[in-house]
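Below is a structure I'd like to ask you about.
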């Protein structure tokens, strides 16, 4: 098996960079650990989950999807090429990789979005098995696990009590990565450490069932009170994919942008005629939860949440998807669904 | 009967930019009201025109835009039986619609489409068709009306009930006059009480009220309803009383949309996407959606 | 801090109907998170400590909470200032809000808005700016403009335009924020350099004379951008130029939105 010392992860990053990969890894910056492009001298930290998710590199915050030259009332389109830079998403988490199932589906169902697909094809996904978890993690409640290999091209497994990593290829891209790693990962033996214990927090099937029958429930007001309607959770979430299309222009050029958006923003469903079907945060929070745990499962047979807990960790107002699901699961036990 | 969900892909070429629009030329422009305009648009080339009409069925929508201002979703207001051009009718409501209305005949705008599903008019052959529309909501039904009238022999009775707040707010005034003259169309126009002019010859009353008075028969009939939420709210119970089945009553939902292709999430209602599973729905389908989100 | 008294006061106002809701804080696995209490028994859950950085006054802009008026708010001095200022800006009616006033070390008690304003003017008139922030501002002012611009470019590069800062701020209550207006598009929506500068700087300018330095925006920012450097800098400038600090007078005219003949004119040359 291929093995590297745990404190030599930067050597692996450097080797991959030399081999032509853009290396994305969890980088420390002023105390905050963020998935970012690794450069020489950057510190890689694997002990805490990064505040952002791997989604950022497949579906970026803002992306140009159209360009025109403008000349008075005339316009002529210019070519826009998607970014197909060969990238390794190094030491992301299994919950990031699990999310790719939904992103792959959304960006390809019926119409194919090449802005996403080009990045996706060019990316080698290398999750790190989690050997630690916190109270906000709930991957095991949504069909995931700290050592899940779904959508991974290779896995980094902590070994020998954290002293080493095993780098295990799972796909052709993974094998290519190992070739490119060269001496940074050498033949050897190591004993994989056990993955983190992530206790089961709620019965997700009970949640989905309650949701299918309780659109009008008064519980939504209670569940949503803390939410102030920013986009922090949707932006950090590895499965959230809603976006806005926005044109910006000078006199001579215009671009059409695809920008992250959030169903939590007040104007998300605002009609030009003035009507807003989701006029308050209660309706918008309900949409967030229903979309992830009811509508997406119904439509695509997938959950819209991988239990990474980022939303709860960074919500300034104390909202937690895990807590919401626990409360719904509790509520579903109180009375049979058809009586609610 | 459910509308066909025409899932065929658009004019997107494999590997092409899904979001790249075509450039259309404004062949004609007509002001319907002080803020509503109809544009007739021509395709950039024969290949694009043919590819569009290979897919287009009434009910489908498109995204019309101006680079620098953005894109806006409206229905396609002309039928595939008129396959040299498409038409759209829209109100000047914000940045994009203002930029489009500022364009002159001979100038260009962008267009992406056709997207969405369609009215299953093939299933309506031999049946009576009742159109009920209010105000700016006649355009989505106008494509169906022309589709039916262009193939008049294939359908039975055609009834059109159309109303607006005032006479000035009625759109397609010339076409209304043409439909009035035809003896194979029963056209009833109405304005809200107080909206009539001195020489107004149509009815005076809210659309639901006039619908009740007109009392079209539900036998062998389908109904298409399109209008402001309040008009729909009061019209549906009357259709029900008259005996129209929810599965035979159709509408088109006009949710806020951006991408038009089921990705941006904005038009998601329940487990449906209005841009993919709609915008045409039967009332039976609409009733199954989370009502508060409409 | 006499949390028991706070809890009793909260329970009492709910029980006798003086308030329909108490907005305070509860403990969740060691973190302080907002609590919305409508039943007197729930008042026992209320906690308070220095990690309670959310500004509960921000919840008063939520339309679905407007039916829970009068509302009682657990408020530290900066939050009391927010409430006084919201009244001065006609966003809340003075008799729609009660305050469970919390100080640095002690619980001051239950009071109405006038009582809170009096308390602020008596005991918290000299609220110093955050010393860490002041130290940093001092350092920044020693830099050249190019160096300072480089510092802010680096900070704003982290901004993802999630608008958590805006959501967390009680004074950001516009139903359509300037960044959401598109005729014209005042601020680019792309999370790129000029849009991020414009957003953060314009928000700080829109808060000049209105920021009560509660720190909720910086606490809410998922990227750790030092927003208080901007807000305190402008608050200090307004204080220097106009002698006004936000949130001490419920009848005050808006600082930037009004003028009087004694205003400093020496910048007009």
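The chains carry the letters A, B and C, assigned in the order they are written, with residues numbered from 1 in each.
Simple rule for what comes next: contacts are C-beta pairs under 8 Å (C-beta built on N, C-alpha and C of every residue); 3 or more make two chains touch, one makes a residue touch a chain.
What you are looking at is a predicted structure, and each value in this text was computed from that prediction instead of being measured.
Is the C-beta contact count larger for B-C or for A-B?
A-B
Of all the chains shown, whose C-alpha centre falls nearest the centre of every protein C-alpha atom combined?
So the chain nearest the centre of the shown protein is A.
Please identify the chain with the largest separation between its CA centroid and the CA centroid of chain B.
It is C whose centre lies farthest from that of chain B.
Averaging over Cα atoms per chain, report the distance between chain A and chain C in Å.
About 31 Å, centre to centre.
Please report how many Å separate the Cα centroid of chain B from that of chain C, as a whole number.
Whole-Å distance between the two chain centres: 48.
Could you grab the centroid distance between chain A and chain B? Build each centroid from C-alpha atoms only and quote it in angstrom.
The mean C-alpha positions of chain A and chain B differ by 38 Å.
Can you list the residues of chain B that touch 2 or more other chains?
70, 94
What parts of chain C, by residue number, touch at least two of the other chains?
Answer for chain C, listing residues that touch two or more other chains: there are none.
Which chain A residues sit where two or more other chains touch them?
244, 246, 248
What residues on chain B touch chain C, complex-wise?
That would be residues 70, 94-95, 98 of chain B.
With touch defined as at the start, can you tell me which chain C residues reach chain B in the complex?
Where chain C meets chain B, its residues are 182-183.
Would you mind writing out the residues of chain A in touch with chain B in their complex?
On the chain A side, the touching residues are 65-66, 68, 70, 73-75, 77, 80, 106-107, 109-115, 215-216, 241-249, 254, 256, 258, 261, 263, 268-273, 275, 277-278, 283, 287, 290-291, 294-296, 298-299.
Within the complex, which stretch of chain A touches chain C?
Residues 30-32, 34, 51, 61-62, 135, 221-222, 224-226, 228-232, 235-236, 244, 246, 248, 257, 259-260, 262, 265-267, 279-282, 314, 316-318, 320, 323 of chain A touch chain C in their complex.
Can you name the residues of chain B that touch chain A in the complex?
7, 9-10, 12, 14-21, 23, 65-72, 91, 93-94, 97, 103-104, 107-108, 228-229, 254-256, 258-259, 261-266, 268-272, 276, 290, 292-294
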